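The structures come next, written out as structure tokens.
Okay, so chain A shows up in both of these, paired with chain B first and chain C after.
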Partner chain A sequence: MLTRRDTIAIGLGASAVALLPVGAYATTTEEAIAAYTGGAEMAEGGVTITAPEIAENGNTVPISVEAPGATEIVLIATGNPTPNVGRFTFGPGSGAPMIATRIRLGRTQDVMAIAKMADGSFASTAVEVKVTIGGCGG
Partner chain B sequence: MISRREFLQASVAASALYGVSGLGNWSKLAAQQALTQDDLLRFDTFGNVSLIHVTDIHAQLKPIWFREPEFNFGVGDVRGLPPHVTGQDFLNLYNLTPGSRDAYALTYQDFAALGQAYGKMGGMDRIATVVKAIRADRPDAILLDGGDTWHGSMTSYLTQGQDMVNIMNALGVEAMTSHWEWTFGTDRVLDLMGQLNFPFLGQNIYDVEWDEPYEDIPSYTYFDRGGVKVAVIGQAFPYTPIANPRWMFPEFSFGIRDERMQEMVDEVRADGADVVVVLSHNGFDVDRKMASRVSGVDVILTGHTHDALPEPVLVGETLLIASGSHGKFVTRLDLDVRDGRMMGFRHKLIPIFSDVIEPDAEMAAMVDAERAPYQAQLEEVIGQTDSLLYRRGNFAGTWDNLICDAVMSERDTEIAMSPGVRWGSSVMPGENITREDIHNVTSMTYGQVYRTEMTGEFIHTILEDVADNLFNTDPYYQQGGDMVRLGGLAYAIDISKPIGERISGLTLLRTGEALDPARSYTVGGWASVNEGTEGPMIWDVVEEHIRKMGRVSAEPNGSVTVTGI
Partner chain C sequence: MTDVRPRIRLPRSASAGDSIVVKTLVNHDMESGQRRNSAGETIPRQIINRFTCEFNGTMVIDVALEPAISANPYMEFEALVPESGEFLFTWYDDNGEVYTATEAFEVS
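On to the complex of A and B.
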């Protein structure tokens, strides 16, 4: 997990981290993936998402992604009306290819991360995050 | 490492010592003559470390009736495995005799009849006697409390948990973890935490804003006992902000966080811990999965799902201990720790038969002093019951049916919803129902009874959602409550199906017609997690209803049809 110091360190490196929209007109998950990878094969492994199994608050779900060796990470909320969350790019001064953010999830869904590696290949992973009504645990 | 013989040493006290106790031998006198406190406490001290575990006491200071579940289904990989074994199957699995004390303590069958013979269970004064006896035997035994301690009674509600903090300090608890404690709200929790003589642990309690461990809540603590360094890591209930009102403690985040659990285990091992104990409020199935994913844990003291198991469950080399609820049991676990590892254990789930175990005079006086200011309110008789009132089970108990009837009648609704919490003591047939009895099944800091309208479709969605919290085949998605209880509505559930496909046949009982997805229905319920919920408190609603009835009789109503078992 990220520590406070790491968060600050990432903030300092922000000059090299740009948040860009993925494909301006991509409206579905498939379109978002295709727009980004151009249909290239995506390897399994090499990308790790840390997310709660069940969201405590669907309006602000903490998600972090690590992808050693990546030059870009794209985050996709597959079940949201607008799946694209963001594209994070890492330059030589950015430190470890790792992001942490909070996203809104409209319903139970897979959160997906795609990493673009230095050689131009892609890797991806996805985890399910449940958004529940709650209230009956005991 | 752990032999079958050591498992056999782990059976419940009375069965090992007394085996058969005839079904005809139900008089209270005979029961008392056959069993002594010494029998219950007999234990050949073993190894070099003793753990004493209590959990999910739910603020029950006095002995209570508590009927164990008839239905407690497991799904997926844990179908039919303990603790998802009940009744006769439970007796067969653990080789217990029907009608015996152990059968009474651990299963539901013939509960009302056996209760007359064997009496109430629990009581903090009896628990104090047991703790003192273990400490007389092993003075440096470590007493650990798994949480759900401050909530569940009228006195804990009125004192905002103060009575339980006083009692647990006096009992000499040495570490605890938490769940319902949080429903007193951030300020009160921090206040009470400051009054504890011992650490309030939770490696998974995070600061929401920073998304990192909350700095004033330790993840673990150490005990140097018997020449051994014992690490105890706390794990609070992961879904506290989802199952309970997040707005009452908005600064805190929880979650399972098993990767951090592994980091903590590695950290304490690197720091020289010889044995690692997790004091958990995950719920049994979550702990079982966590034990398979986190290495280096010797013992998980489980909690939350209120299971009482007479033998540990072994996952790899990790022992899972389940010590029941409401003060019915105390676990003693002796460990042989040598060369930095656990070499063996001896276990006993000690049933707290309140008529057999002598109350500790000091603790009895303290309990009475805590209750004295409220004595008249607690003991006021509201009505009588002709039938056994109980809650625990995956689907509605008779208490829930009575509560739902009260909500529908007092709030004039077509449908009632009552939360599937696992706490709540029983009332025997023919007994008075006191105000305390009502609070024991309703007490909470958000007990307002709402009256609202919901469409048939929304009601269906709620049932699917709650069913998935219970019957998801991945334990990490289970919240450890039972199914929401319904008044005025029948349904069928296939527990083997995925979310969205489990619930069918929703029928409004007053008309016998299928629930119309598009129509709005009046619904009353309580324990809403939403801020600003308005309405009278549930215990007042139930009290009013019972007063009008005078005598009540609530039977299992058969309105839920369960398949896919």
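On to the complex of A and C.
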């Protein structure tokens, strides 16, 4: 049973959702990239991704990224329902602009790394990872 | 998620000023919000959304995690150790909980 109060609460919730600015959540790879770089040009190279060519299990794909001179690295899984994977910001105590982690890949796709350099420019690279069993549940 | 046990691996020794490899793992489902239960209802998202590492108060790395980070998030990175001191690792859960771990490190 919905009480009158519940109905009002649901209504308020719905309008709060409706008020969210369009693009608050990047839904496509292009949007995810644009949201990060602001549309700036990205240099090719200067970023190295190490990932398996074939991942048996998309639930946990080891990946490492190195980008000499970078202050921040963003990882994007171009074929995932939500492309953003993570943003890694290197502080003054960082020994090297590198990160290794494990990610979920829903299907075979390009994994992209964008590095923000100390001078504010961007560099990117992408590698294809073939996924045997997808890792996005279902 | 009450039983969260962070695991940290540091090298056995290093000289002052070295860059050392730090490996961290924390047990967490990283529920993506994409999955459905047997009744077809979406299982709500609950992930670690932020991880930070500091050494003696200096930020080493600050990570914004998305649901595409695997369960039991693993992070490997390099940290400068200009002197002996303490690492502070912090994981922020979607549910508001914060998990921390500290690890002393001696330079030679």
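Definition applied: the second predicted complex is superposed on the first by the 108 of 138 C-alpha atoms of A that agree within 3 Å, B and C clash if a C-alpha of one lies under 4 Å from a C-alpha of the other, contacts with A are read in each partner's own complex, and residues count from 1 in each chain.
One rule holds in what follows: a contact is a pair of C-beta atoms (placed from the backbone, for glycine too) under 8 Å apart; a residue touches a chain by one contact, two chains touch by 3 or more.
Bear in mind that the values here come from a model prediction, so they are computed numbers and not experimental data.
Contact with neither chain B nor chain C is seen for A:G39 once the two complexes are overlaid on the shared chain.
By the touch criterion defined above, A:A100 reaches both chain B and chain C.
When the shared chain is aligned, chain C comes close enough to touch A:T89, but chain B does not. By the touch criterion stated above, A:E56 is placed in contact with chain B alone, chain C being left untouched. In the overlay built on the shared chain, the residue A:G120 is in contact with neither chain B nor chain C. Judged by the touch definition given at the top, the superposed model places A:N80 against chain C, while chain B stays out of reach.
For chain A, the partner touching the most residues, choosing from chain B and chain C, is C. Of the two partner chains placed around the shared chain by superposition, chain B is the only one that A:T132 touches, whereas chain C remains out of contact. Overlaid on A, the two complexes show chain B and chain C touching the same residues of chain A, namely 100, 135-138.
Across the interface of their complex, chain C is touched by residues 59-61, 64, 77, 80-82, 84-96, 98-105, 135-138 of chain A.
The part of chain C that touches chain A in the complex is made up of residues 18-20, 32, 34-36, 53-55, 58-71, 73-80.
For chain B in complex with chain A, the residues that touch the partner chain are 210-212, 237, 239, 241-244, 246, 253-257, 259-260, 419-423, 461-462, 465-466, 468-469, 476-477, 479-482, 484, 499, 527-529. Taken in their complex, chain A has these residues touching chain B: 1-4, 7, 50, 52-54, 56-57, 62, 100, 108, 130, 132-138.
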